[in-house]
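Alright, structures below, take your time with them.
Two complexes, one shared chain (chain A), two partners (chain B, chain C).
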Partner chain A sequence: MTVLSQTLAVAAKDARIEWRGRARTAAILGFAGTVLLLFSFAAAADTKTLTTHAAGYFWLALLLGSVLSLADAFRIETEDDALDGLLLLPVDPRAIFLGKALARTGALTVLALMLMPIAAVLYNVGVDGSWLQLAAFIVLGVAGLAAPGTLYSAMTSQVRGREVLLPLLLFPLVVPVVLAVVKGSGLALAGDPMGQASSWLGVLAVFDLVYWSVCPLVFSAVVER
Partner chain B sequence: MKKPFPREHFLGLFGLVLFAVGSWMGLVEAPPERYMGEVGRILYVHVPTAWIGLLAFTVGFGFAIASLRSRSLVWDDVLVGLVEVGVLFAAMLLIQGSIWARPTWGVFWTWDPRLTTSAIMLLSFVGVLAMRAFIKDPPRRARWTAVGTIIGFLDVPLVYFSIKWWRTLHQPFSSPETVAGSMVWPLRINAVALLCIGAWLVIRRARLARHLRRVHETAAPEPSRLVAGD
Partner chain C sequence: MTGAAPMVVANNLGRRYGDRWAVSGVNVRLAPGRSLLLAGHNGAGKTTLLRLLAGLLRPSCGEVLRAGPVGMVGHRGGHWLDLSARETLRFDARLLGRPLDLVGAEALLVRFGLGDRGNGPVGDFSAGMRKRLALARLVLQDPAIVLLDEPYGELDADGSALVDVVVKDLLVRGKSLVMSTHLFDRAAHLLHHGLVLDHGRMAWVGPAAEVPAALGQVKAA
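After this line comes the complex of A and B, so read on.
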């Protein structure tokens, strides 16, 4: 099996587990939706403020929800020491990482898609710009959270204090992602007369490129026994 | 048996004396800065702090790669010293920066690229140190610290440029070309002084890490918590 087919096999396995445990996904969606609701209290339920900063609130809610989803990437492997079994198989560690990160990207994209209508209703926003740009920002943004998130999930799932460690490690790291997606998807929603969205897509692309290439390389050092 | 005097203390002592000289030159000898006046004198400690802090993380990045490649715990002993000293200098940098920003910009904090990047860099490495505290097994702790350092360090330029595009408001970089002659010497002397003090702290910390590791290696094994029937 090549690295690619191994990656797809791991991703398919995780996607199956995700589908069979969809009650948990629904709970995470409920949590992220609650966060969206809470932001409107922070903004004193001022419709204008909420509409202007809708992209920011949406991504922060998704970021908070994503920590729960990312923690799952390796929580499912620590149960019954499944990770040891996975590592004993003749599978390239890079393929394990890429497959898991791919499955997380999928899960987070689904979470984002389900969260979007809630945000649209609560904050009274519609897409006046470009749907295509919005889709690109969501996929690249979520991929930017998934790669370092999956790596840190592999570390933190194996130690005490995992609930606090994963966000502590992940949140400072993904600041460029948050900046780029908030600015970029704001432009995609409101329209982009100055053509600035492409430079934010560039930031995301560089971040994704760096972490999707470095994380698989260091992953074997993380799970080594 | 008489304990030998650790030689790195000479380095630290030299650094402290040099720091006193450099600070005296900066506070007394050098003229007040043209636009910022007396407040500008914080530059003589602020800029060297930034240099040495970033240097600690950069050297740490190199040590992290070496640690992953060789898997010798000696690298990790120094790496933890470098990350801790980097965190210390980054924290001092932010405090000095806030003290300077208040009279100059009118606020303690602003979302300037270098300021925000320093804060995020500090938080990233505080996270690495926090994670370290939770891992007991030394080889695993060494591997994960190295991975965390590599991942965190790669983020620094990305954070910097993304925030720079987001908004900007800071002095141009200080280098011997951008400051007047009478200001160059206190800057240089303090940079060497902080380099010596930083190196001294790293060596002390590495020594401590090595001693702790030796203690761990030679300690009696913990009594098993397994009871009959497990």
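After this line comes the complex of A and C, so read on.
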């Protein structure tokens, strides 16, 4: 079996488990939606501020929600020691990582798509720029959270205080991703007359390339105890 | 422990947690078709040794050499609780490169007494049913080296008899097997060699049938 087919098998398994646990996904959506609501209260009746910073609020809510989703990546592997059996099967550790990160990218993309209409209503914002660019920023932004998030989820899954450790490790690492995706998706929403969005897309693509190349290589060292 | 061309060899194996050595100075050598009964009191280091032999733990000293794939049934089921038993078997089979159709999965489930629960989530299974599924997955994997950590735990009489059948079958087919259990009398009839661990160290080595007496001596000492 190739690394690709093993990756797809692991991703399909995780996607199936995610679907079975959709009540938890709904709870994560509720949490992230509440964060969006709290930002609208924080800005009080200043609709201009809300509209101007809508992309930032949206990505911060998604980032906070993503921590809960990313923690699930290895919770499902450790709650009954399933990871041990998986590591003993003839599977390339890179495929385990890539499959799980791929499934997490899918789950976070769905979360982002469900948060979008909530943000649009709360912040009174529409897409005056490019839908295509917005879609690209969402996919690349979510992928930029999923790869390091999955690695740190593996790293913290067996330690005490993992609920605190995961965001503590993840947030500093994804600052460049959040910066690029907030700036870029803001341009995709408001319009991009100066053509700056493509450079932010390039920055995001480079970070994604680095994370998705390096994380699978260090994964086996992370799960070895 | 015996014979040439061993399937698994452990040389001066040790594992330390902080200042405490959970396993220290253990040597194992197991040929195809041979088996080892691992005995010792609670906390003697049996599970740690099995995990070291499996490669799931990194040794603090010594080395483990394996001449084939390892399969292990641990204390816990080792399952994904939101998948069904049938999905679990088919996932394993896919990764093993031996796709399992619905009929094949059904046959395996029936053999292990799970025929009527194949579609339900494993999270709803009792501990004994999870152990049965773990045994079914082990048989599907068909590894060269088999490690069993308290395989009789949580099983009823039928389930325990199933373990005996599986163990005999694996040994006939030339697998190397290490079993940790407190049911010495039962396991002694099935296995060849015995090793008693005490505080992580090898306290006694001999025929499996003599393990109960040896364990009593270790306790007295």
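FYI, the second predicted complex is superposed on the first by the 223 of 225 C-alpha atoms of A that agree within 3 Å, B and C clash if a C-alpha of one lies under 4 Å from a C-alpha of the other, contacts with A are read in each partner's own complex, and residues count from 1 in each chain.
Following the convention adopted for this analysis, contacts are C-beta pairs under 8 Å (C-beta built on N, C-alpha and C of every residue); 3 or more make two chains touch, one makes a residue touch a chain.
Treat the numbers as computed from the prediction; the structure is a model and nothing was measured.
Enquirer: Could you tell me if A:91 is touching chain B, chain C, both of them or neither one (first, second, both, neither)?
Expert: second
Enquirer: Just to be sure I read the superposition right, which of the two partners does A:151 touch: chain B = first, chain C = second, or both, or neither?
Expert: Only chain B; A:151 stays clear of chain C.
Enquirer: Once the shared chain is lined up, is A:179 touching chain B (first), chain C (second), both, or neither of them?
Expert: The first partner, chain B, only.
Enquirer: Tell me which partner touches more residues of chain A in the superposed arrangement, chain B or chain C.
Expert: It is B that touches the greater number of chain A residues.
Enquirer: Once the structures are superposed on A, label A:46 by its partner contacts, choosing first (chain B), second (chain C), both or neither.
Expert: Neither partner.
Enquirer: Mind working out whether A:224 is in touch with chain B, chain C, both or neither, as first, second, both or neither?
Expert: Once the two structures are laid over each other on A, A:224 reaches both partners.
Enquirer: Is A:163 touching anything from chain B or chain C once the two structures are fitted on A? First, second, both or neither.
Expert: neither
Enquirer: Need the overlap of the two footprints on chain A, from chain B and from chain C, as residue ranges.
Expert: Shared contact residues on chain A: 224.
Enquirer: State the interface residues of chain A toward chain B in the complex, per the touch definition above.
Expert: 148, 151, 155-156, 159-161, 164-165, 168-169, 171-173, 175-176, 179-180, 183, 199, 203, 206-207, 210-211, 214-215, 218, 221-222, 224
Enquirer: Using the touch rule from the top, collect the residues of chain B that touch chain A in their complex.
Expert: 68, 116, 120, 123-124, 126-128, 130-131, 134-135, 140, 143-144, 146-148, 150-152, 154-155, 158-159, 161-163, 165-166
Enquirer: Residue numbers of chain C touching chain A in their complex, please.
Expert: 54-58, 69-72, 74-83, 87, 91-92, 94-97, 121-122, 130, 137, 141, 143
Enquirer: Can you check the complex and tell me which residues of chain A touch chain C?
Expert: Those in contact with chain C are residues 1, 6, 9, 13, 16-17, 20-21, 76-77, 79-82, 84-85, 87-91, 224-225.
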